[in-house]
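Reading through the structure tokens given below for one structure.
Order of writing sets the labels: A, B and C. Residues in every chain begin at 1.
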Amino acid sequence: MLAAVLSLTVLGAALGLVLGVAGKFLAVEANVAVAEVEKLLPGTNCGQCGFPGCAGAAVAIAAGEASPACCPPGGKAVAMAIAERLGVALDAASIDDDGPQLALVAEDLCIGCCRCLKSCPTDAIVGAPRQIHNVLRDACTGCAACLEPCPTEAIRLVPMPVTLPHWVMPRPLAA
Amino acid sequence: MNPIAYQAGRTYASPHAHGGGKGARAMFFVQLALAPATLFGFWLYGWPAFFLWLVTILSALFFEFTCLRLMGNKTPGRVLCDGSALLTGWLLAMTLPPWAPWWIGFIGAFIAIVIGKQVFGGLGQNVFNPAMAARVALLISFPLQLTTWVAPLPLAAPPSPGWLESLHIALGQAAPPDAMTSASLLGYARSELARGADLLQAFAAGQAAPRISWLGVRAGSLGESSAPLLALGGLFLLASGVIRWHAPAGMLAGVLVPAFIAHAAAPGAYLDAQAHLLSGALLLGAFFIATDYVTTPITGAGRFIFGLGAGIMTWIIRSLGGYPEGVAFAILFMNALTPLIDRCTRPRVFGRTRAGEALEAGASSGESA
Amino acid sequence: MGLMEKCFGFSWGVHPADHKRPAADAPVRVMPMPERLFVPLAQHLGAPALPAVLAGQKVKKGERIANPQGAVSAAIHAPAAGVVTAIGEIPAPHPSGLPVLAVTIEVDGEEACDGADGGPPPCDDPFALDPAEIGRRVAQAGVVGMGGAAFPSALKLSSSKKAGVETLIINGGECEPYLSCDDRLMRDEAPAIVDGIRIMLHATGAREALVGIERNKPEAIAAMREAARAHGDVTIRPIPVRYPMGSEKQLALTLTGREIPAGRLPADAGVVVHNVGTAKAVSEAIRHGRPLISRLVTVNGGAARAPGNILAPVGALVADVLAFAGGLKEEPARLIMGGLMMGMSLPHARVPLVKGTSGILALSAAEVDDRAPDPCIRCASCARACPMGLLPLEMARHIAADDFAGAAGRGLKDCIACGCCAYVCPSRIPLVQYFAHARGRLAAEERARLRLDATRKMAQAKSARLAAEAREKAEAAARRKAERAAAAAKAKAAAEAEAAASEEARALVDA
């Protein structure tokens, strides 16, 4: 009886000590996670998540105050990457991802005011004063930062059209 | 029809034809292979055996149907037609004492179908063989009913119970008369060994000692009495390609090789290989249980290891353990190891080494002997 | 094969009913030019070709209408004389039916001569040519692999030369059920094929050519043996009938015993594999300067009225080819471009034939036998059938749970999509569809990742630009300030000097 109690006590104490020491020496500093999360975010500082820029969002996500899925332009891919890095369980099906989007300038509404040019985080809109602006398809990330500044509501987001090389075979119906 | 008018219904993926095999066909063949031994068992143990078999199978189908309904399956009838629940019930009935009361079959079917299979997600998802899980659960819960064997009383023989009397036995209202109960060979050996007796003398002297019977006229369950008919069913399955030789060969080797060695070394303490082969559920286990697709490894090598492990475990339990028979325990034990075996026996991928690295450029076939 | 693999059931492949006859025994029918041809610019692996004609332009038969662009691409020629009426999008011969850029030619029936500009010059003695020149001429003729993958042949020839390939393997396996165009070609054109093989031997620098032909084509084997008799470096090798024997890796292993390493080219194992149709096209291109503008197509299937092989121009609509071949008996359950096991289902028949089209199958409902899948029972039929040694059931289980990376780690990249697993699956699980879906999703994820990287770079570039602009502005402001200060100082100095001077003057005046 005594031997059992003693041995268990000793075992518990030893393991607790190991855990304590490990916690001290192998501690992961929180800001490492923040930096890594920030690296995974698009870095466009578009503000759609409601935080001040991607750095702000990274702090909130790493602290657990925001969901890893809070970045609309990043979509499912970014959300899953962050969740994996942070070790958070995230249901892929629950993420609202309409697929990649693209800004489109309505030519009949654009007045060539150049305000959207300044708002674009990736310089994806080209134009000159009093000329119709256009969106560079390869550079646009669909972050929607240009929608707000447009005085004539000439810009809208459209889903990126599916092309032949980008086509994905539909998932089989569940067995 | 004008080709220009054709319009595809949806996007079809290749291949655009099918070889025609069906899962239900395999199940049907297994049932066909079980039939001779089952019919022989009915003849040998009379109507009670038939009633128990019927109750077990009907309960299995009932529980399967109920589970599918409860889980919102729209077409439970279609699933029932795949024959898997029927086969599970049948296999379970094969391992029960033929004169056990009806509720043994009913509870067994519940454990097999609900707890052994549907709880895991239905067909193809279960980790343990449902019939074996149910048999082990019954054995632990109702040891008396599960170890009461009757001496063979062929249907036409005078002491064989009649139709009505059999119904009473099956309903549990009448216990089998003491005069008819009989020990199985493995059980006898276990109790003699427990008494500290020498097996050779026990079998030579004891009037009540069960005899080895190649024909199978002896006490036991439906699935263990007739070795030749079970082996015939197994060979039929092998020939029809439903099962492959790896698991049965491994399992038989796993029992017979240690049995032969041990008996040669200490004949007084260990049964011989023939007794092991013909007693208990070894043949049933080797040909019908260890070859279950769902709960055994995928590759041939894996299946051989599975069978070998199950065989060795069976021999160990029979010879050294507390229970006289160990096939069910051994199979369950190896079921638990199946994912591990699968992991260790992945086939070599074309153009890669066994470890998964790409072959060296310029090297010829990696494994040619 | 090692003893272990033999004992433990290494028996890859399946044996589907081949349905090759009577189509293979019917003589070739030559399809007349349809009224309009739709020639897609992306008929080959790699970048689409760049159109070299304008709408409204008249083209001759064999004239080059599109140039290769990028490293992997192929030229495209006009299959018939006529007028280019449009260069625009048409439905692609692809399950999705998404648009593809194509040149539409209104055929005017003026059959112009061979060797119109764009094709290579004819040549009587190809063996005197430099191997590199042969590659150039094959590229000029727009020859691509005729077996289905449509890889530009010139690239394969030149890269084999560089890699020092020893053995040229010619694929006459045609293991796909229903197809017989290679069989027919070997029976009818064996001398031209052997000539093409010898030209390719010369171009690649390989020592010998092995022609693998499945044993179910005795007539083709006899014809090819006859044609190759005079040439010691071309060997005809009958091979067992087993699908997918015509797959590059399995064929190379069967013929040479060499295993192509995973993720590498056949050249890394010292072999290169070309199709018999490609050999014929190479011979045509080098000997006669004819570009690749038509090909043999098998029309077959239970819904086709008169199965057989058709010589059809590239760009002809599938509907036109079917109509010429005798039309349809009944409404087909599926219309397939390519073979039964690996072909693509077509959304409708208004899509054009391309260089890599080996067959058009109109399958009846009985042949397709469409049934809903059941759960996997782990019977491992798929694992036994897989010619690559994969475990399709495990991969599909991961994909069903959206774990695409897990499937990739279990050999998705090694899968050749041959369809053996789905063909034998007793539960009829559409395994190939799972794998195709996972591949598409993985590619999409990869694209999203690359896009994110690009976005980050662009965002950084913008902030760098803004910072640079701000800095320049600040510098300019500082400069202006400094200038102003300097000017002010100068003015002050001048004023002081002036004041001093005036003082001096005053003093002088005073004095």
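Rule of thumb we're sticking to: a residue touches a chain if its C-beta (ideal position, glycine included) is under 8 Å from a C-beta of that chain, and two chains touch if they have at least 3 such contacts.
Everything numeric here is computed off the predicted structure, so don't read it as measured data.
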Chain at the geometric heart of the assembly (C-alpha centres): C
Chain pair, A-C or B-C, that carries the greater number of C-beta contacts: B-C
Distance between chain centroids, defined by C-alpha means - subunit B, subunit C (Å): 52
Whole-Å gap between the CA centroids of subunit A and subunit C: 35
Where subunit C touches two or more other chains at once, by residue number: 95-96, 374-376, 427, 430, 433, 436
Two or more partner chains touched - positions in subunit A: 169-170, 172
Multi-partner residues of subunit B (at least 2 other chains): 11, 13
Subunit C contact footprint on subunit B (complex, rising order): 1-4, 6-8, 11-23, 25-26, 82, 84, 122-125, 244, 246, 293-294, 296, 298-301, 304, 346-352, 358-369
Of all residues in subunit A, those that touch subunit B in their complex: 169-170, 172
Residues of subunit C defined as touching subunit B within the complex: 1-5, 7-10, 14, 16, 95-96, 177, 249, 253, 257-264, 268-270, 303, 318-319, 322-323, 327-332, 334-336, 340-350, 361-363, 367-369, 371, 374-381, 383, 387-391, 393-394, 411, 414, 417, 419, 422-428, 430, 432-433, 436
Contacting residues of subunit A [partner subunit C, same complex]: 42-45, 73-75, 77-78, 92-93, 100, 120-124, 138-139, 141, 162-164, 166-175
Of all residues in subunit C, those that touch subunit A in their complex: 42, 92, 94-96, 98-100, 373-376, 400, 402, 427, 429-430, 433-434, 436-437, 439-441, 443-445, 447-449, 451-452, 454-456, 458-462, 465
